[in-house]
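For reference, chains read A, B, C and D in written order, and residue numbers begin at 1 within each chain.
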Amino acid sequence: MTITVKFFASLSEQLGKKEISLNAQDNLTLENVWSQATNNAVMPTKLLMAINMEYAQLTDPVNDGDEVAYFPPVTGG
Amino acid sequence: MTITVKFFASLSEQLGKKEISLNAQDNLTLENVWSQATNNAVMPTKLLMAINMEYAQLTDPVNDGDEVAYFPPVTGG
Amino acid sequence: MKVTVSSIPFDPWSMLEEYQQQLPSGQFGGSNIFVGTMRDFNVGDSVAEMTLEHYPGMTEKHLEKICLQAIDRWQLVGALIVHRVGLLLPDDPIVLVAAWSAHRKEAFEASRFMIEDLKHSAPFWKKEKTTGGIRWVESNTPS
Amino acid sequence: MKVTVSSIPFDPWSMLEEYQQQLPSGQFGGSNIFVGTMRDFNVGDSVAEMTLEHYPGMTEKHLEKICLQAIDRWQLVGALIVHRVGLLLPDDPIVLVAAWSAHRKEAFEASRFMIEDLKHSAPFWKKEKTTGGIRWVESNTPS
């Protein structure tokens, strides 16, 4: 399956990437996708994540065509 | 002593007066002034009053030259 | 701080803009604003127009006291109150209170305090013209 | 309801005026508005400029959800959120939230809910340029 993976803000800077397209096997969770997309980088303690622009959890499944995102705590307003 | 007495809103309409100048004896309270200024009209239960534009109580003393006011509950905003 | 009692319609947005321009640059992180507007209904009746009476002198003095208390208690950078008097029509702004402060919590609390104190204590009285006739509004809602 | 993410400076007062004009006449008795503005200091340091990043698509979706929740919970007549992104300078408005309702209590509670949810959950990230260098803001104040 093919998924889009996005990184934002300080996390994007640390990893040196903003967006990648990932060709991956089926039956992955957000935790698996993180490992593949970052070459097993250590996960920040306060990481937030989303699937198709809705907040999600590490154990949530990712499907073909999904847009996945990882980002640090938000600081808007 | 001479004092100015003002009435506002529904109270002013009920009494048929807005402002009077009262020549009165010394040592009066707001309660005495009410009686003289209204010819002993029955006092409304929710009456508010002020001396020189500061909220005051029925038992507060009134002095020569004071501006006294009586009015119903406020409904601004 | 600024207090205005206006016998003609006022535009809350331009008054906010004008007042804010005089505030010290870079000092406020948040402002909270409440605008009270005349509705065309009240206590179940349709209201065509409203007259607002006040106590010239005492009203301004009381509104200034509210601003000073809010500035002191929440360390505000600025405070503004504008209140309409005279003949009002539906959709006319009645009141504007605004508080500028370093943080949002203080701005919210201060403007809430200002409108509550104004509603409970500032000498204004509303008279409504409804389909059933003319009546004085007897009391404000508690909050 | 209306949600705008703006990459250029916005004027809160004209956006409030414009939005309010479309609301149903005579229905709202109160509006509460919060405007967050860029200060020239933060956590003890002087801040010269700030960059706001967002997640295009998810950010707008989340702000719309906040408006819908507020409208539903407080029976609002109208709700507005405007948020700036890109390069900001001190005194630039960052965020505007506003709630129009029949009564003041609902207007205050709704706009407070909107700004708190936005601060805690809407995907925006601030990067500050201070005298000490460039830094990402790590977290928002709790309230």
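Note that a residue touches a chain if its C-beta (ideal position, glycine included) is under 8 Å from a C-beta of that chain, and two chains touch if they have at least 3 such contacts.
Remember, predicted model here, so these are calculated numbers, not experimental data.
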Most distant chain from chain C by Cα centroid
A
Cα centroid separation between chain A and chain C, in whole Å?
48
Averaging over Cα atoms per chain, report the distance between chain A and chain B in Å.
73
Averaging C-alpha coordinates per chain, one finds the centres of chain C and chain D separated by a number of Å equal to 23
What whole-Å value do you get for the distance between chain B and chain C if each is reduced to the mean of its CA atoms?
26
For chain B, write out the residues touching at least two other chains, lowest number first.
none
List, in ascending order, every residue of chain C touching at least 2 other chains.
36, 115
Could you please write down every pair of chains that are in touch?
A-D, B-C, C-D
Chain D - residues contacting chain A, complex
36, 52-55, 57-58, 61-62, 83, 94-95, 115, 118-127, 136-140
Residue positions on chain A within touch of chain D in the complex are 6, 8-10, 50, 53-55, 69, 71-77
Interface with chain C, chain D side, in the complex: residues 11, 13-14, 16-17, 25-41, 90-91, 102-105, 107-108, 111-112, 115, 141, 143
